[in-house]
Amino acid sequence: MKFIRDSLHGNLQLNEFEVKLIDTPQIQRLRRIKQLGFTFLVYPGANHTRFEHSIGSMYLASRLAYNLKLSNEQREMLRVCAILHDAGHGPFSHVSEAVLAKSHEELTSKLILESELSEILSEKFVPKEIIKLISGEGRLGHIISGDLDVDRMDYLLRDSYYTGVAYGVIDVERLIHNMKLEDNLILKAKGVQAAESMLLARYFMYPSVYQHHTTRIINSMFRRCLNQLFKEGYIIPEKIYKYDDSDIISTARNQKGPIADMMHRLDNRKLFKTVYSLKLDELENPNAVFKIEAKKIKSFEQEISEELDIPSEYVIIDVPDYPSFDEMKTNVSSNGNLVNLSEISTIVRTLRDARFNHADLCIYLPEEYSNTANGFNFENYIEIPK
Amino acid sequence: MKFIRDSLHGNLQLNEFEVKLIDTPQIQRLRRIKQLGFTFLVYPGANHTRFEHSIGSMYLASRLAYNLKLSNEQREMLRVCAILHDAGHGPFSHVSEAVLAKSHEELTSKLILESELSEILSEKFVPKEIIKLISGEGRLGHIISGDLDVDRMDYLLRDSYYTGVAYGVIDVERLIHNMKLEDNLILKAKGVQAAESMLLARYFMYPSVYQHHTTRIINSMFRRCLNQLFKEGYIIPEKIYKYDDSDIISTARNQKGPIADMMHRLDNRKLFKTVYSLKLDELENPNAVFKIEAKKIKSFEQEISEELDIPSEYVIIDVPDYPSFDEMKTNVSSNGNLVNLSEISTIVRTLRDARFNHADLCIYLPEEYSNTANGFNFENYIEIPK
Amino acid sequence: MKFIRDSLHGNLQLNEFEVKLIDTPQIQRLRRIKQLGFTFLVYPGANHTRFEHSIGSMYLASRLAYNLKLSNEQREMLRVCAILHDAGHGPFSHVSEAVLAKSHEELTSKLILESELSEILSEKFVPKEIIKLISGEGRLGHIISGDLDVDRMDYLLRDSYYTGVAYGVIDVERLIHNMKLEDNLILKAKGVQAAESMLLARYFMYPSVYQHHTTRIINSMFRRCLNQLFKEGYIIPEKIYKYDDSDIISTARNQKGPIADMMHRLDNRKLFKTVYSLKLDELENPNAVFKIEAKKIKSFEQEISEELDIPSEYVIIDVPDYPSFDEMKTNVSSNGNLVNLSEISTIVRTLRDARFNHADLCIYLPEEYSNTANGFNFENYIEIPK
Amino acid sequence: MKFIRDSLHGNLQLNEFEVKLIDTPQIQRLRRIKQLGFTFLVYPGANHTRFEHSIGSMYLASRLAYNLKLSNEQREMLRVCAILHDAGHGPFSHVSEAVLAKSHEELTSKLILESELSEILSEKFVPKEIIKLISGEGRLGHIISGDLDVDRMDYLLRDSYYTGVAYGVIDVERLIHNMKLEDNLILKAKGVQAAESMLLARYFMYPSVYQHHTTRIINSMFRRCLNQLFKEGYIIPEKIYKYDDSDIISTARNQKGPIADMMHRLDNRKLFKTVYSLKLDELENPNAVFKIEAKKIKSFEQEISEELDIPSEYVIIDVPDYPSFDEMKTNVSSNGNLVNLSEISTIVRTLRDARFNHADLCIYLPEEYSNTANGFNFENYIEIPK
């Protein structure tokens, strides 16, 4: 038996097998991956890591399993899944994911199979089954990756704690006590309110934290760096889960030219400025924005750079993250029937539209060029599919 | 006006001048220096940085100044001092300090004078006066660096918040409301209890966090790395305040031989094991341990390494940090007289002895050699001056 | 200078004049009035009082005034208003208000004018002006009683703290930092999200706390008691602000017959049971329910009691509190224009409908009679105006 | 299964049997007994009750039992004991205890035997065994009432939460995880620090909360009231556990003469003033003060009243509560031996003397008489046994 002290959930207990898993380089690496990427440049306390989040998810999985009256073996499986669920994340978490062809879930699966994790898992479980659960397959899978999973519960609480933004304080107690497991993870009617509140927490965290205006600029700058490091072969995308935050930073610093320049700006917080913003909720079809192909964006940037006579590395068009709220699809048992959360809750329904409230497509330039852009008609250079 | 959201103290306000100071590379670098070095390998939430601590100290300095009814200009000076007070810290904070000839206070002063900070400061203040205050000189200096300063108040609270260890929760309200400024910062008799509690908080944080057994092993391993990087010229000690945590880590990883090996062990948490421990409170004169010269320790290590046939890089003798409790000297006004806190408080007096309770001199070896050490009489190789 | 330690906001400072006000029997009485009436029978920690809430509101008023850059005198006025704003509350707060002809605001005004409070106020202010502010009149009045006032901010936070229900944790920092005072209290666009979140906090606290099913039963039972005490002259409604919680309870216990019986049930938590519930969101016009006259309800109860052969004191028809969300009307400054919060926020607009989600008209009977009601068609006895 | 939401420990689960126990008038009454008596007149948030404390202790007992690997039946027994352990407390908790001949433990035992609690208990347990456990007898008894019991853990945390005084924040996690049950409840060496910290929490809470100067005045005034109510037969001491806070208050208010006057002063916070204070730590033998007989104190008061020509009801000599720190006796397992906590911990040893630091014997008079006492030699009228 070992204990880890989590700043959120207190002393968390680990058995020998779990300690063995956690003591692998693959899980230890997560201690060096910031949960919220570069958000610490906006909220100085946001230095928490994928490691503590994984342990925290393990704890919540355990409590939920206990409440669902699952067997000890099932509970143990879920704990192990939670420990592993983010192992495939690249440096700075989602920031690197955006420039990869593969999702972190796929990478997690690949990593488990090709590393010692697989061997350790085999002592107690079938690794492929663990991978399935992590991908959200099967009844138990929904607990790890579903509409209303322990991953989300932990990160909302944790991101609130470390940013100091109160919105993410959700009523985990009530959620956990109002779930049951049938073919699927079901919410009891008494838990609807707690689920609404969780969805809203995410809705509010979106512009305040996850898609905070400054964070988006920083992420865009960093992705430009990372892309170049990939292209020039300094970092191998397929092995992204072998690097930690420091690796990327120091590799970038050791370059010359635009990459080093971009990294230097990030280090000194000399951030690009927004020279154009297109609010999605003013569009007839906001969804179309997410259909612009990457190649197209590249070419828009190219045109603008030529027109304004600015090096093309320095023109960034940034499409916001798509605000998906999968929790809407949660099944709720109401008088013996199963209905969709969004059917039963007006609040949830509202979010379908409201989610574009805070989203905008932006163009950023280095501060020294931002005057050049005065009066420039950026909208002429951006084509949105119908 | 700008606001920074601190996870401890809430929304903190900054004026234009302060923003300018904070936006320098020197202060921005602090975002990349962990407050507690490698403690995150023991308490996974301990990823907080010198940056947030500096802003937090600024806030407490401001509140204390307000309560002491200082002038606006004095308050502004103190805020600026708090922002700057840790600028000279090397990577991983105190861990690197231990292998340098100079204290972080000296380095802070040097850094201010040789960088753009000095120029910015000159717009409003005399830089040398700011440096004096930061060093704790003069009446106001005690607020920044004294027996009971805002630095300490902030770090105790902050370290508690991020490690999840409750001991550091001190009653800052009561302390701040019970201080007055005469020739010196004086505690009113009503604040004695809060001061006792602060001292005790530090006393308890010492073995639980600051000198946690595992943390000491990790720090010793890292210092060995760092020393070697200095010796081989990869890192320049006089410029230590130019590097951040990532710089050192990636430099170490890029080496070959023992340095890279040590760094690899740290990355994967393959830690040295304790093979010998000498409890200081069992010695007649615990203070003597702190008088062993560095050169001597080197030679003890050498002898042990030869005797046990282990590479000398792998034998680490670790003398604990000296548990100094300067708060004891705090002046307390009691019925019109000034007395020492330790005179008025039995609790505080007790700490004079109790502080060695948890301290021990240790010897660490890599796990693979720890069997070799079975039955070995380490005490024969360690000579403590009378 | 004096300090009061508030469990939410920390050490709060009071000047001599404020201490004088607070030391009157009128304000001291608030220490003995529970903020949430009988909610402690549902959430055992909900024993907090109007007194701490008044001091807490004073603190928030002070901070808001400071941020709005009001003069010291204006700030002092607002602090005093916050201290006094609930002085007219009867025992168990809103529970007694419901059976009075007058609102607690009217009673506060009456109490101030006829008590020593008026005399004390006159030393520094014109009492009638203070009363106006408390009633929400004038520019400054909106800070005390308006769409987005300090009263609400404090009670949401406080009720969350003491019930342990997380929904009320609102981002007071952001609200306060995003207000400005023109003809009216205006929210800056940057504060919209914090305001949305506050409205939602109230929306969620409604069914979980304020209109919790069990709390409603308890309140209905208690109101029946209180009405009888009024009718029989044991308590004088016009003097309701002279009694505290203990007075009413002991008066009720000392009665005979139905009053004592009802009080006895409350003391021992032998609560009435719900035998009928009409969900308002299933009605075409939920608003109509709030138009049923008190006299009508009395007669419905009478008929049911005769039909079922149950003493009429024991049949309770309970119309829920009207879920008014005045915050919707908050003025928001957006690109130089003033718009209504509900215009700018889809979320807020949604609440207009959603607010009836959790409301229902209920009928309660003592447990021993609840079988009698099986199969009884209560709906035939309730007539809702068109 | 039922849940109660505790503001400290979250959603607490109760089984059917426990609900039955809790739903008795004897346990429901605890909802109306303030945990800290009149402390709410000093800390306005201190309105918490014996009820929540009992439920909280149940939760901690449960967790400790789980960690000690006790059987389900033993765990259930301990939970039930915690629920019941304070059932015998009179109104305002310890304030009334001081004027009774019997301790609240004796009264709890009496109450259980003579009420329906005994009958309910018999369904699952032998009531006398439960009573024994509550009194701290036997191995398991130490968990409920011992040197380091769950009662203490809960009240320190709870009193801190509601007063806002940070000292009581103890590391319950570490305590619980470092206990083992042999013949007795034993602390593992790793838990020494947490135990030290708990003792110190109590040491600091003593003058800040439990024996706060103003609280002592209030309690003395109230006890005078209560004594008179006993003497005149309005309240029957043997039945003290049948009354709640409201009963006593309203009975006192309904009197005439000194009792009503005293109650009136309490209601309006017109408190007695301290006219004399004898610091115990300046005495050669502080313990002697606790040996002054009640009869003697009565006669000292009488003499002073005659000499100063003040009604004798208005002269109060107040001996502080004896600061016993039973935690000192906790058994610690250290290298296979059992030693006393005070042997192993210098800090704990210190408290043996330090505990008198904040204690003083005081004399209080109504404010209107306090001038009369100027220059009066109170010490001549107080005789302390050798």
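Side notes on the structure shown:
Per-chain residue numbering starts at 1, and chain names A, B, C and D are given in the order in which the chains are listed.
Note that contacts are C-beta pairs under 8 Å (C-beta built on N, C-alpha and C of every residue); 3 or more make two chains touch, one makes a residue touch a chain.
For clarity, every value in this text was computed on a predicted model and none was experimentally measured.
The chains that touch both chain A and chain D are B, C.
A comparison of the B-C and A-C interfaces places the larger number of contacting C-beta pairs at A-C.
Spacing of chain A relative to chain B, judged by their CA centroids, is 34 angstrom.
Taking each chain's centre as the mean of its C-alpha atoms, chain B lies 50 Å from chain C.
If you average the CA atoms of chain A and of chain C, the two centres end up 41 Å from each other.
Shared interface positions of chain D, i.e. residues touching 2 or more other chains, are given as 5, 10, 165. Here chain C touches chain D in the complex through residues 4-8, 10, 23-25, 28-29, 31-32, 34, 40-41, 43-45, 47-49, 51-52, 55, 161-165, 244-247, 249-251, 253, 267-269, going by the rule given at the top.
Within the complex formed with chain A, the residues of chain C that make contact are 165-167, 169-171, 193, 196-197, 200, 203-204, 207-208, 345-347, 349-351, 353-354, 357-358. In the complex of the two chains, the chain C residues touching chain B come out as 3, 5, 10-11, 173-174, 177.
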